[in-house]
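Going by the order they are written in, the chains are A, B, C and D; count residues from 1 in each one.
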Amino acid sequence: MLNVGIIGAGRIGQLHASNILSSSLLNLKGISDIHIEHLKGTIYEQKVPVITTDPEKIFQDPEVDAVFICSSTDTHLNFIKSAAKAGKHILCEKPISFNLGETEEALQAVKEAGVKFQVGFNRRFDKHFRKVCDTVQAGKIGSPHIIKVSSRDPEPPPEEYVKRSGGMFMDMTIHDFDMVRYLSGSEVIDVSVKAANLVDPMFGKNGDVDTAVITLTFENGAIAVIDNSRQAVYGYDQRIEVFGDSGAVSAENEAQTNVQIATKESVTIDHPKHFFLDRYKDAYIEEINQFAKAILEDKPLLCTGEDGYKAELLALAASVSWKEKRSVSLSEVFTVTAT
Amino acid sequence: MLNVGIIGAGRIGQLHASNILSSSLLNLKGISDIHIEHLKGTIYEQKVPVITTDPEKIFQDPEVDAVFICSSTDTHLNFIKSAAKAGKHILCEKPISFNLGETEEALQAVKEAGVKFQVGFNRRFDKHFRKVCDTVQAGKIGSPHIIKVSSRDPEPPPEEYVKRSGGMFMDMTIHDFDMVRYLSGSEVIDVSVKAANLVDPMFGKNGDVDTAVITLTFENGAIAVIDNSRQAVYGYDQRIEVFGDSGAVSAENEAQTNVQIATKESVTIDHPKHFFLDRYKDAYIEEINQFAKAILEDKPLLCTGEDGYKAELLALAASVSWKEKRSVSLSEVFTVTAT
Amino acid sequence: MLNVGIIGAGRIGQLHASNILSSSLLNLKGISDIHIEHLKGTIYEQKVPVITTDPEKIFQDPEVDAVFICSSTDTHLNFIKSAAKAGKHILCEKPISFNLGETEEALQAVKEAGVKFQVGFNRRFDKHFRKVCDTVQAGKIGSPHIIKVSSRDPEPPPEEYVKRSGGMFMDMTIHDFDMVRYLSGSEVIDVSVKAANLVDPMFGKNGDVDTAVITLTFENGAIAVIDNSRQAVYGYDQRIEVFGDSGAVSAENEAQTNVQIATKESVTIDHPKHFFLDRYKDAYIEEINQFAKAILEDKPLLCTGEDGYKAELLALAASVSWKEKRSVSLSEVFTVTAT
Amino acid sequence: MLNVGIIGAGRIGQLHASNILSSSLLNLKGISDIHIEHLKGTIYEQKVPVITTDPEKIFQDPEVDAVFICSSTDTHLNFIKSAAKAGKHILCEKPISFNLGETEEALQAVKEAGVKFQVGFNRRFDKHFRKVCDTVQAGKIGSPHIIKVSSRDPEPPPEEYVKRSGGMFMDMTIHDFDMVRYLSGSEVIDVSVKAANLVDPMFGKNGDVDTAVITLTFENGAIAVIDNSRQAVYGYDQRIEVFGDSGAVSAENEAQTNVQIATKESVTIDHPKHFFLDRYKDAYIEEINQFAKAILEDKPLLCTGEDGYKAELLALAASVSWKEKRSVSLSEVFTVTAT
């Protein structure tokens, strides 16, 4: 079993903690957070040997094999460097940082330490999307021509979150950028954004958007389109489609139930699952199991630091496209950030 | 939390054990089975305080609040009596016994001891079927007129299992008998069976059937029809429908994924989940949580000994109907078994 | 082209007339009805050479190749005999008569005249059901084990219709009896009915039922179940399923549109088509085209007098089963009616 | 009834002719084409009073109320002018011309003559899309934020067709441009295209593309995205979705049948309808009925010359966007074409 420490006990840190406690592959050795009062009286207090405000107690614990970095994005770089230096494998939530230079620095530290590093693109571990990707990779739909991702949150986050989110492209679309790379099996050439502030003026006030259609072209000729909204009132809308010269493969939403009710007035089916923790419940478990297996069996990770870096690059290109109202070439952004 | 002991560590006993270990409502204090070698080296050995071949160690443990009886059906009666006598609440797998007299004896012991008794009709705790039932009870489809249950196993059990199963009606249809009672909100008047041995001659050799269509009429006027097969090659087929004077409500199968693949040759969707442990994974968790809550909060059980008894009565009536090729009135069976 | 005369210009007669006028295979030479005032000013008056109250003008017209008998059931026998005697091919609406003796007499007249005779089981010509049947016949689902037909009208007919309908089994279930024969590729051994008067007391007052579940066993071992209601408030419900040892094939309802509307309150899809003329619009066209082709190319009919007779036999058996509350063997009914 | 003459007896002209012959609202008085040999021996020769190579025989027939212009696009302008001068109402296939100047000239002639002019955007008359539009206009999904159209042909047209097609945007996407205007209830601000030649090098050789993702922003803030392919091997793919602040409405493909086949190997559903004449069969009938009603009852047309003009403007803007690899503002194109 893989012994794990968690840095950051917010919503996502606690989700991982809970999943580890039910796991037969991972073992939870410690949790560190700047605040630990909220863990009092919880199952974590009973079952986790170390709960601390000092992350070094995790990093320096010789029994800990790997750390999950679930703290706020601005703290990732330092924690990654400390963890890497201590020889711990790392699962880091997305984005790695808000700044490609910092992300490069983090990945350089990981490389030098020779530890494994997985970025938290949980959707790669969703069984539906996994099957879509497997179908594409098996050649069943031929060469991909058009890739479509609909990704809409059920409701907008609070303003405090928006302020610290890095903007919609870095916070939300980043998952979709990773998904289109994953599905296309190719790298992006350019990014073109149409975006707007239609859901809530609060986004605009904070220099952000809440609605976008993003088009990308790939080296293999495929064209992808992502549509995003911060508010789909009917639930968490997460659909993908890959269309190629031999066919198409798509994944529909997961409904809350498969129940249909027919009356004189209407025929209703159930809403999509509403919340990401519900929609991706099994994907989060699969994500940490695959991480554990990659380490325990020394196999390649399914989702690497480079994947995290490239998705951030796309988010940055999207921001430039939106601000400058033009198509942005990846080479151009890469040059900017590399200097 | 509810402290639980498990009697019988076969497939279903281990399933409950695993669910309890991940639960925040139940606590696993002990497991008893006539064979315990197969538990060596498992997570149960690590995490369960008592693993024993002597069930009395469970029954006499003052810390144990409730027992799950998961042993073979022919042992249920004795274990129920011992558990009741020891003042333990009971969750017993179906059927309670193969014999209505024994079932009555068991329920009498439970009644005298004043303990709670839940029978293992896991499907009542499936979210899809629960929503169908709630919709009916809320009056949204009016008075039920026609109730349909398709219940088909993915593959036949081995001959050894069939010999000890009590026959298809008692082993498999019993879940469907409970479901139509649950959905109709009424009691059965008569049962009429058309059955056949079409899947495998082995069933016939053992005096059993593998295919059946069972029609039931209810006191409230509704008519139900159950269709069963021991072998649906495409997966575990579990669908229900209630049709009433104001509408209809139905639950479709759960597919393995929501992925669709369209090519020149075909458009394919995914198979239904294949195995009952997969299809009813969440229902099994909900089943024990509801049991724990009913005890911890002293609330009524959602599935009682009487429900178990009545489903057995229907299985018996179905056997008579099949053998005598006629419609069988419940009152008639009840008289027979009461004498 | 096939020259056709229509006997009976009610709803179904006019439907055929309209379809013939748009057809490139059939030509409408005349319409006869006891009332013809309602045809004044219609397109039929403009486009049909003969409109008459005297059916003999149709039967004796040497240019007429075939007649469609669309008058009330009690007039079928005489019209069939007249048409057969005049050497006209016949498409007759269902049932051929309310009385197996009369049906035999009609079919005898047809046989003696050597004309072709098709009974109006329009559903055999529905593209969905046709594909189900073709799939079964191609062996794709193996030997049929269970056949299911849901057949529910959107709303009850008026009392006047009910009085003259021959009862639900002869009027409505007759289509389903034909369908299970068509789908099973086998003949029925016995029929067992559970029926009730749940929709409207008017049916009971007229000695009829409005809700039924009918089970049939077949010579090839298959078991079929039909469920009927005179009132499905959500629309015309017409679904079939054949389950066999290698798989299952089913046809769902046709919805009015493929539109889905998702809001915070609900996710709605469209109702099934409401009316049989809408649901089976294309089937009615295919029915007459296949009739015309069978005659013009001298090929076997897809739906014969024998099919009509056997469905009536099943309707009669169902009536007996319902009245005597027992399973009825076809051989037994056949004996009764043959004397 | 409306008396109609048809100019151009190719595939679409014959389709209209056939629909008129079955119609109770329209009457076919004549057909004109430069070639009429292919009509010999057809139902048209029997049933249409005038079949001629001289279109003036149609235009000068005082009994003709309206003409359907179904000839090749390069002939539209002259025929429209002749028809308008003769006081005939006009239904003209899309595009009106390949050149906005000519289209303006045609519409000017129509305006001066005071006749009605409908452009052949048949999809507006599809029941599915009509319901989507009605749902949007009724405010049920609130303000539209994102509009999605998937429009993929089943197979590429022959090279001869491509050469004369005006390019994919003018030939194929023009329907989608009209659809997004229809669905948004607003006018386009700018158009941005990513396109490629992925299906067949023949398109590239002819300066055309076969695959495209086109993004449009609207005055009301909505963003639309159209994806096109000249070859969807699984059938004619025609789906739309409108997402707004109160919900979403979408229309799925029409399948050939509603049949599902489940075996051990696969669960298959049917392909989408393959051919546009099949998919839009009823829409073509509704299109001419609405045209006839608008004239007979002097009501507004549902699809005007201005709609034709604006869709052509969008096709032109798309061409510029594709060639210059930039977002193109409609105002800019309008200026270019107006000079």
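Rule of thumb we're sticking to: a contact is a pair of C-beta atoms (placed from the backbone, for glycine too) under 8 Å apart; a residue touches a chain by one contact, two chains touch by 3 or more.
Note that this is a predicted model, so its numbers are computed, not measured.
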Candidate from A-B, B-C or A-C with the same interface as B-D, over half of contact pairs in common: A-C
Most distant chain from chain B by Cα centroid: D
Contact-richer chain pair [A-C vs A-D]: A-D
Approximate Å spacing (C-alpha centroids) for the pair chain A, chain D: 42
Separation of mean Cα positions, chain C and chain A [Å, integer]: 58
Residues of chain C touching at least two other chains: 233-234, 246-248, 262-264, 270
Complex contacts: residues of chain C adjacent to chain B: 143, 145-146, 148, 150, 152, 192, 194-196, 198-199, 211-213, 215, 217, 221, 223-225, 227, 229, 231-234, 237, 243, 245-248, 325-327
Parts of chain A lying in touch with chain B, wherever the complex brings them together: 21-22, 24, 43, 127-128, 131-132, 135, 140-141, 246-254, 256-264, 270
In the complex, chain B residues that touch chain D: 233-235, 255, 262-264, 266-272
